[in-house]
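Per-chain residue numbering starts at 1, and chain names A, B, C and D are given in the order in which the chains are listed.
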């Protein structure tokens, strides 16, 4: 592998990792703060992709679609929490697993009824359509770089939200200790609703952003879900920073696994997880394995 | 799962009744599809019961149990002779053993985690095995492989029963089901079983009392894995075809579904398996969007039946009241533990 | 194992320190308990008393310092190993198996010490040895009359007794009792104190408690902790008259 | 528990008993009764459109014959296989053992087809495979009662191997999902290409069903081969073709593929697919009257443009018809029927073909080029190409 190729591969790893982070961040947020195991997160990602498809078809512009999608998803996430999850917190994980598993089936079928089972492409807005040449062998699509940039921006925004704002303070309080948060006069119900719709929004956003490169197809959520689980497991529950590190790590392992060890490319990232479990059961930056 | 399965969902008489009904089934049905369906129900019952040992008895919510089912099935497919029938008992023992081996190794890793974390890690390991058989050499690849002959029951080269006959196979599956239930019953009434129940309910206290909790969990995980492997082996024999999809997380999800919907105890697991198989069978012919109905059923049942099918009307009422209570914005009382944990 | 446990006569903490991130919950604490004595630890809420117990029984590992049994370090021992070796503990908050009968609670605790726990042939109910232990423990704790009741239905005081009974069922020589008197009425308290007195003879008892009178009445040695550190240690009288303690602790104790 | 489950239980029993009872009744009388065809195809999931097309094709031919084949009307027993191999065995045996179908038709997914073949073998039911290309089906698993009217993965790939060589490519990199179909396809391509003096310098794979191709694209760009051969279908095909173009490789390194790379996916692929060369046993712009007639009828009946899958279904019906006519609809004369099907000369829209010894079509493979939303035929890449049917031990 020449140096140029190596660098391009690193770039590939980065942008795959960044995407993973964006999807997984919503998951880890909901995990860490609400202690809900959400199997339907992958389906949310799929909803995003299909939203991108139908809204761009509707409005003709991806960015209008994105804006619309963001608003829709926040509202929808809010309602979703209220209808399906608000009474689950006192139940044990089994019930949550069951509920979200049911949601997966419903969402998949609704998708098939409303939009159908065909594979769709989503057009990249003209001014991002081009490619720039990297090395002398290969062009790199501008849109992919744009997505990566967007991921970074969103990541920073998230960091700022959690670390620097009042809402973030409340969220962290809620995460560390429900009772304490309540005693601080935080409406935990409302807080959870906000956090959930935030997580939902992140999943949908990443789905929409990545739709033009990933294409839109049935069952696209399932794969994404499992990789997200890996991100959360490796990063450590509820740790956004951990998720970030883990996502990039997986990006690299996956990309270079495909290149250097084709026979085992499928299991490379799982082996990574096994090793992490061996040395750090709580994940890279997770303090509380016991929940 | 009630403590020590004391307040058992099924009384002994119910059990005998149920098993006798199963034993008599071939008399009513010809050896065709219906019988196959029933033996599938029984195989799934074994599978679900093995998971119940983890979920209900030990409090280990595993979303990767299909891994051991698949390992059992593949172990069988790979070990049976290409020409000629295999010995059922020997093969089952082998498949169970291999599955247990996997369970121990995987358990050593996943049992280092808890709760949500455990759910995800088990899922991930099942997926890992999926890729091993899917991409690995000598597993038959993505299309799967065949078993060409039904097994025989016998010893020292003598054949006692040939299971090519549908009924014979059905009855041997029933026998294995009985065996499984026997094992689980013995385990749960032993000190070991009581300790598992204790761990499920209050791990901290058990450690403080001096129990090697990790070992107990591992043992439970291994037994559950072995039984799942046996179920997988039977599945492979019944259909003569194994495929990587046996490892897919949908399988894990479905069996967990059976256990949770079924409710407390091994009776619950079997009820879950029975209803799940027959229901999905029935719905799938009703409409092509049966999974929508199925999903809605699940969601409703979670909302209404925190105790699963066997939970009964009382629990149903309680759950609804709780719902109404929180709708009115009154503070929600957490359901008492023994009601909440299966 | 039983051999060694019978030899255990003392538990000693040497310069135990435990930090959680920024705050130091237990700061360089040293104390020892011997069979035949009751050693009480008092201190304001958050003084690190419960953390100390968790360090001693092995639920937490110390940031630095050592735990010794008969001058032999057990730092490397897991919690369950310590428990089997005779270190028994109770919890500040009731921590019993609510859906179980009182008897079963104790049997479960007793079983931990039974050899051949993996024997599957015999039913747990029929394990004579653990039944005896459990019965004895109940007898001792004075719960025999409600042995068959479901633990969840017991009164608060009875639950506290059950805590101790479960602890005793494991035949410990060293008892770490975390506020056994918490939330008890006067006559319940009296009964509990009797129980402690009766245990003193062949046990080494570390008693974490808020109830001053009870502590001063029963203890041979009293140690006072403030913000994780020991500010004084001595007989009841010494402590009563210790100025540092009065200013730091007793002054507020009256208010409590 | 048993008491509230008992009713369900009995109900299940009764319905099952009834089902098999009337099933048996119908199985008795031969040619008078309608012929039961078990249609086991994907009607949900990614493959749903394919399943529908195949069914349409099959029914179209039956309609054209006045709703009868060999004098027998057709009863369809539809079953959605969901492309799920773990349910396949059960579904197949449901059709055979409960609904007592006379013929099995299906399916798209190779794994599911394997399960169907197994059931067909065990119960000696006639099986016609209208798509799944697994080489095994007409290889080691070949049997007198198993026919295929589509293709084997080997066929289009082998043809493309010859094309690539004839276009002067010397060093080729192949890329596919790491699964049976892909590996078989690559094997076929390699066989022809290296026989013609080319060299496959690298065989890249992506874990199935992973659709992140950047790593491999980078490898390809670095390797600078004369051409790239890929096997992808559905979502993978759409994404790969777009990525390949986005990476700027489309104009640098010619991309060859088995036909599915650009079949039913062109709308989603857009410009990225324009001008791509693929090989398949069917193409747009065949000028034969047969094809044009078929397309017209199909479009009239279903308000849809037919595709290769529709053709495969259509030919499945033709093949079955040929057999039934020969025995006047009497399925009990299985041997005679099978012989008739083996000798049948199917006048397919794709062009006439006959069955090989292993019951796989001996057919022309076309080289097609993408123009707009069509795969226009360029030339016949391989004339009367027969699958080598390795490992098939029959008669």
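In this text, a contact is a pair of C-beta atoms (placed from the backbone, for glycine too) under 8 Å apart; a residue touches a chain by one contact, two chains touch by 3 or more.
Quantities reported herein were computed from a predicted structural model and do not represent experimental measurements.
Trainee: Among the other chains, which touch chain C and chain D together?
Mentor: B
Trainee: Quick one: most central chain, C-alpha centroids?
Mentor: B
Trainee: Cα centroid separation between chain B and chain D, in whole Å?
Mentor: 36
Trainee: Measuring centre to centre with CA averages, how many angstrom lie between chain A and chain B?
Mentor: Those two chain centres are 31 Å apart.
Trainee: In whole angstrom, what separates the CA-based centres of chain A and chain C?
Mentor: 47
Trainee: Can you list the chain D residues in contact with two or more other chains?
Mentor: 44, 178, 207-208
Trainee: At least two partner chains per residue is the criterion; list those residues in chain B.
Mentor: Residue numbers touching two or more other chains: 131, 134-135, 289, 291.
Trainee: So which stretches of chain C touch two or more other chains?
Mentor: There are none in chain C.
Trainee: What's the complete list of touching chain pairs for this entry?
Mentor: Those chain pairs satisfying the definition are A-B, A-D, B-C, B-D.
Trainee: With touch defined as at the start, can you tell me which chain B residues reach chain C in the complex?
Mentor: Spelled out, the residues of chain B in touch with chain C are 2-4, 186-187, 189-195, 198, 201-202, 204-213, 219, 336-338.
Trainee: What residues on chain C touch chain B, complex-wise?
Mentor: 57, 59, 79-84, 89, 91, 95-100, 104, 107-109, 111-114, 117-125, 127, 130, 166, 170
Trainee: Which part of chain B faces chain D closely enough to touch in the complex?
Mentor: 9-10, 14, 17-18, 21, 25, 28-30, 32-34, 36-37, 40, 131, 134-135, 141-144, 146, 239-241, 243-246, 248, 250-251, 267-268, 271, 274-275, 278, 282, 284-285, 288-289, 291, 309-310
Trainee: In their complex, what parts of chain D are in touch with chain A?
Mentor: Spelled out, the residues of chain D in touch with chain A are 44-49, 178, 204-212, 214-219, 221-222, 224, 234-235, 238-239, 242-243, 246-249, 265, 267-270.
Trainee: Which positions of chain B touch chain A when the two form their complex?
Mentor: 55, 61, 63, 109-110, 112-117, 119-121, 123-125, 127-128, 131-132, 134-135, 249, 253, 256-257, 260-261, 289, 291-292, 294-299, 301-303, 306, 322-323, 326, 332-335, 340-342
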